[in-house]
Amino acid sequence: MAFTALVTLLLLIQYLAFSMLVGRERLRHGVHAPAVTGHPDFERAYRVQMNTLEQLILVIPAMWLTYLLFFLPIVAPLLGAAFFVGRLLYRNAYVKDPQDRRLGMAIGMLSIIALLLCALWGTIINL
Amino acid sequence: MAFTALVTLLLLIQYLAFSMLVGRERLRHGVHAPAVTGHPDFERAYRVQMNTLEQLILVIPAMWLTYLLFFLPIVAPLLGAAFFVGRLLYRNAYVKDPQDRRLGMAIGMLSIIALLLCALWGTIINL
Amino acid sequence: MAFTALVTLLLLIQYLAFSMLVGRERLRHGVHAPAVTGHPDFERAYRVQMNTLEQLILVIPAMWLTYLLFFLPIVAPLLGAAFFVGRLLYRNAYVKDPQDRRLGMAIGMLSIIALLLCALWGTIINL
């Protein structure tokens, strides 16, 4: 269980870092709350954070269901770690040019689909 | 537990489908990242995804706490399945005309409130 | 476990209340879906809800991992309750003037960081 917990925490800390980088762009470019537009750097950092949030709601439950129900629990933290790497590539590309986000996005999406399939397999076997 | 896991996965897969439909509208109407406005079809698909995300953060924990603590655990996946149906109606109505979203939204909201009450009942009994 | 469940439910109910207040501002100021801009009162209420969502994805997993793995499980609901209070202050300040959100935001952020550190400590000890 500790490995799945560790990957969960790495994903949460990565997301917290992405959030803090949004706050930095907000200050740097004088984008005053509640605005969420106003400067491309801010908008890119904000979309990276939001897109990561949109995917964490999938990754965290799917990873834990895979850990609990799939016959090879170690697959859960491994796929979670692949998602983590995909997010790093995604952010690094996106803040330079949003059109280059494809590779990181694809790694993240494949990790999510693999986790959902493993969790579904484990669930159906246990019905 | 497998029924609650199954409904969780159905909700995650439904949400993933909603997300992919946003990507399709982004491509179809040439809405370039990081923009999240630009064409009504894209904006509607995006709001459906975001609203579903806003509610999944309630449904998933409330469903699992109901499963773990309420005296009738089967209520958890049943209410989760009602939320799933509400979301289907919500999306189908919203992409045609956002003003027609009320029925699907009401079913989803009632499922959420029922899950929160069952979880609260179970928690207070166990204090 | 019941204390951590109770704080989780309080956070979910608080977030549901924030969401309902967004719907009220939407009606009151005639902001028609899918728009998420149009009147400052609506935009502030909406940003409070979104910011709370952005943080709940951190708080809920970090609180449960702290409860499960940290040697003093009672720390989990206590820090979760501190986050709850921080969110109340955050919302009350934000809807009057977004520039005054700092105190509530700081309490919430410190609670999140403390939960992540406790969960990380517990996880590393258990590796």
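The letters A, B and C name the chains in turn, as written, and every chain counts its residues from 1.
The criterion applied here is as follows: a contact is a pair of C-beta atoms (placed from the backbone, for glycine too) under 8 Å apart; a residue touches a chain by one contact, two chains touch by 3 or more.
It should be emphasised that the depicted structure is a prediction, and the values quoted were computed from it without experimental measurement.
Chain contact topology: the protein chains form a complete graph, every chain touching every other one.
Rotation angle for the C-alpha superposition of subunit A on subunit B: 120 degrees, rounded in steps of 5. Between the Cα centres of subunit A and subunit C there is a gap of 19 Å. Residues of subunit B found to touch two or more other chains are 53, 57.
Contact residues on subunit C toward subunit A in their complex (touch as defined above): 40, 43-44, 46-47, 53-54, 57-58, 61-62, 65, 68-69, 94, 98-99, 101, 112-113, 116, 119-120, 122-124, 126-127. Every residue of subunit A that touches subunit C in the complex is listed here, in rising order: 1-3, 5-6, 8-9, 12-13, 15-16, 19, 32-34, 36, 49, 53, 56-57, 60.
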